[in-house]
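The data blocks that follow each hold one structure.
Heads up, the next two complexes both have chain A, just with different partners, chain B and then chain C.
And now, the complex of A and B:
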């Protein structure tokens, strides 16, 4: 067990013992990977792990736990999505205890049927703006120092997106894994308005993905959960990154940086 | 050559067979593309890659496409489109678990009095040549349902790689016919071949039994266990996406959509998932399965208890796709270990 993991467990244990929180959201080991876990008893804090396989963004669960006092393990990007959720009035900062963990980048999950077996660093971590959450009640320092390798390039030509989207199964794992996709009636699930059919239609995949991209523009914290969840490995974060760049250039806005700063696309100002 | 015959085909003979098949039929085989293996219709024998653990997605979509038009109704002529005739197809090098999934689907979708005509026409025109596993994947548990790793059900010919070539077992009349057409490429298997096959089979099964044991009859009573704390805990993680159903070789539930395309009335059907909150919502607004934990339990119950009760086979073949690909690590093996 690493020092960071040890520290994480003792923070979670004390939060639960002292009833500061009812529940701690963290990661536990299963098989060859890790998965989210919900710890509600102090004696179960030992289940918590910290490793480069912790790509899932636990902020996803916060909205459904509104009204409860929750501790959450957060990487830099997870913290930014908490800020975004607070700024969009979806969660209450006061009821969340953020256990920030200094992140050194996550690995791409090794999936069924892959041609390569080794886990490699996720490309999107190379574009990370901050490895530490902007909001933190506790900070766990990384065991290993040094930032993830940079990988800023890797843009996809517009016409290549068509062939990438053609692989899409419309399983909605990207939508459901995204902490900022919280609409109760999703326009790309095919109900009110029925922008696309509910059942996958190959002709509509472009509409599906571009609608989602526009909803993410200037809000996406680039945590890469959508991309890592995708069963056919569509590099969605590259698309959202390009749109984010536009907001950064025009509004100097980096999603999830500060509490109280609403995303430009959600603000209406008459004087422009 | 009778059913059940064990034949040997050399490496070179197999290459020839593949070339012949590609030139005369539609051949669907595992292909390496964009970092993972998947089934594709191939034009050249060289496109097929046979050194793979399993494909990312199952071959289900070649029998049940994700979306298909059931019929169209034109206002002037009233013509309705019937399912087209499928072309002669060979599904090559499918793993025994995925082939077994087809036999489960046959039980369900070809059952009289209402067989699915779309599935039927595709299934009847396809010959399934399976390829035994050489090394089970990390998340595989086919031994639980006896759907692999060497031999499953639903195959027309079971191919097993042995020294110098492949051992071919004729499993159905359709498979016998196909092999008969290329008789000169096959020879009778000798005891050395059969010994190697037996050794491989024992080694792989032993390896998998070490991870998880074969299940018993008690799974049919899974419904009684649904109040267990385990399901409450595990369901919390579920995101209610469709991933597990869409990558499952057995999941066959569908929904239909009616809509207008210009002035033609179209009815389409397509994959749906019981994980979705919309799956059981009726037009009246009534929904018999409203909570996440209910939906979560349903998936396991359907596969491990209701399908076996109705169709005499489990609705899971242990391919491990849902286990590996689920973004939040929902793991059917935990249910099998607890109550199997």
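And now, the complex of A and C:
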């Protein structure tokens, strides 16, 4: 057991023992990988683990746990999504205890049936803007200090995107994994007739992905949860990164950097 | 038969009278241009522009009021920002960004509309068909 893991468990235990929080969201070991877990008893704090396989963004659960005091284990990107959720009035910062863990980059998840190497650093971690969460009540330092591993950056040509979209199964794993895709009524289903039909039509995948990209533009914190969850490995984070660049150039806005700074796409200004 | 580009024009209420004005003044614009009138340019959901491309439009034009002629400049600025963002997105995924344009048309500018549409149509004709369905073929 590593020192970071030890520290994480003791923080979670003391939070639960002192009844500061009702629940701690973290990761637990599951087979060869990890899965999200909810710890509600102090003696269960030993289940928590910390490893580069923890790509899942736990901020996803915060909105459904509104009104309860929860502690959450957060990487840099998870922290940024918490900031973004607070800025969009989806969660209350006062009821969340953020246990920030210094992240050294996560690995690409090993897909079922894949025979590749076990630990390949995720490509999107190479573009990470902060490895420590911008909001933190507790901070757990990483075990290994030093520069994060360089990830092999395969370039996607502009002309490849349409064939990448064609691979999409429309399983909505990207929507389900995304902490900021929280609308109870999704806009792609809100039109009559449907903007995107429930069945998978290869042409409609164009509309599906472009609509999703437009809705993530200037909000996406580039946590890469969508990309890691994708069964056909579409590098979605790279697409959303391009649109975030547009917001950085035009509004000098980086999503999730500061509480109280609403995304420019969501605010109305009289002078545009 | 020679291929003719299909162009969808989203016109705001004011610029749709500009399009009407083109008719009153005797200007012509090509028949493969379809106009869709909406109450205000800022109501155009970018997803619908994307949907127009998916359904076979080779180019989409958005005509809006000039910001200088509005009581509030916000609607036109919002549309401008949205179109600019969408153009960036189209460029990223390898669709020519010039297939989406914004035009400032006031209600008395029929001549300008007719001229601009003909010019843009010529440019789209040079770009060729968009053919999203044909390009969305899985590789490998």
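Convention: the second predicted complex is superposed on the first by the 255 of 272 C-alpha atoms of A that agree within 3 Å, B and C clash if a C-alpha of one lies under 4 Å from a C-alpha of the other, contacts with A are read in each partner's own complex, and residues count from 1 in each chain.
Convention: a residue touches a chain if its C-beta (ideal position, glycine included) is under 8 Å from a C-beta of that chain, and two chains touch if they have at least 3 such contacts.
These numbers were taken from a predicted model, which means no experiment stands behind them.
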Could you look at A:169 and tell me whether it touches chain B, chain C, both or neither (first, second, both, neither)?
first
Mind working out whether A:214 is in touch with chain B, chain C, both or neither, as first, second, both or neither?
second
After superposition on the shared chain, which partner residues are touched by A:89: those of chain B (first), chain C (second), both, or neither?
neither
So, A:56: does it touch chain B (first), chain C (second), both, or neither?
first
Given the touch rule stated above, what does A:252 touch, chain B (first), chain C (second), both, or neither?
neither
Touched partner set for A:18, first chain B, second chain C, both or neither
neither
Considering only touches as defined above, state whether A:36 meets chain B (first), chain C (second), both or neither.
first
After the superposition on A, what does A:202 contact: first (chain B), second (chain C), both or neither?
both
Touching chain B in one complex and chain C in the other: list those residues of chain A.
167, 191, 202
For the complex, which residues does chain B have touching chain A?
32, 34-38, 52-57, 66-67, 137-139, 233, 236-237, 239-243, 246-247, 255, 257, 259, 268-272, 278, 320-321, 323-325, 327-329, 331
Residues of chain A touching chain C in the complex:
157-163, 165-167, 187-188, 191, 195, 202-207, 210-211, 213-214, 217, 239, 242-243, 246, 250, 268-272
Which part of chain A faces chain B closely enough to touch in the complex?
30-38, 56, 60-61, 111-116, 167, 169-173, 175-177, 189, 191, 197-202, 225, 228-229, 231-233
Listed in rising order, chain C residues that touch chain A in their complex are 46-48, 50-51, 53-54, 67, 72-74, 76-78, 80-81, 84-86, 88-89, 91-95, 132-133, 135-139
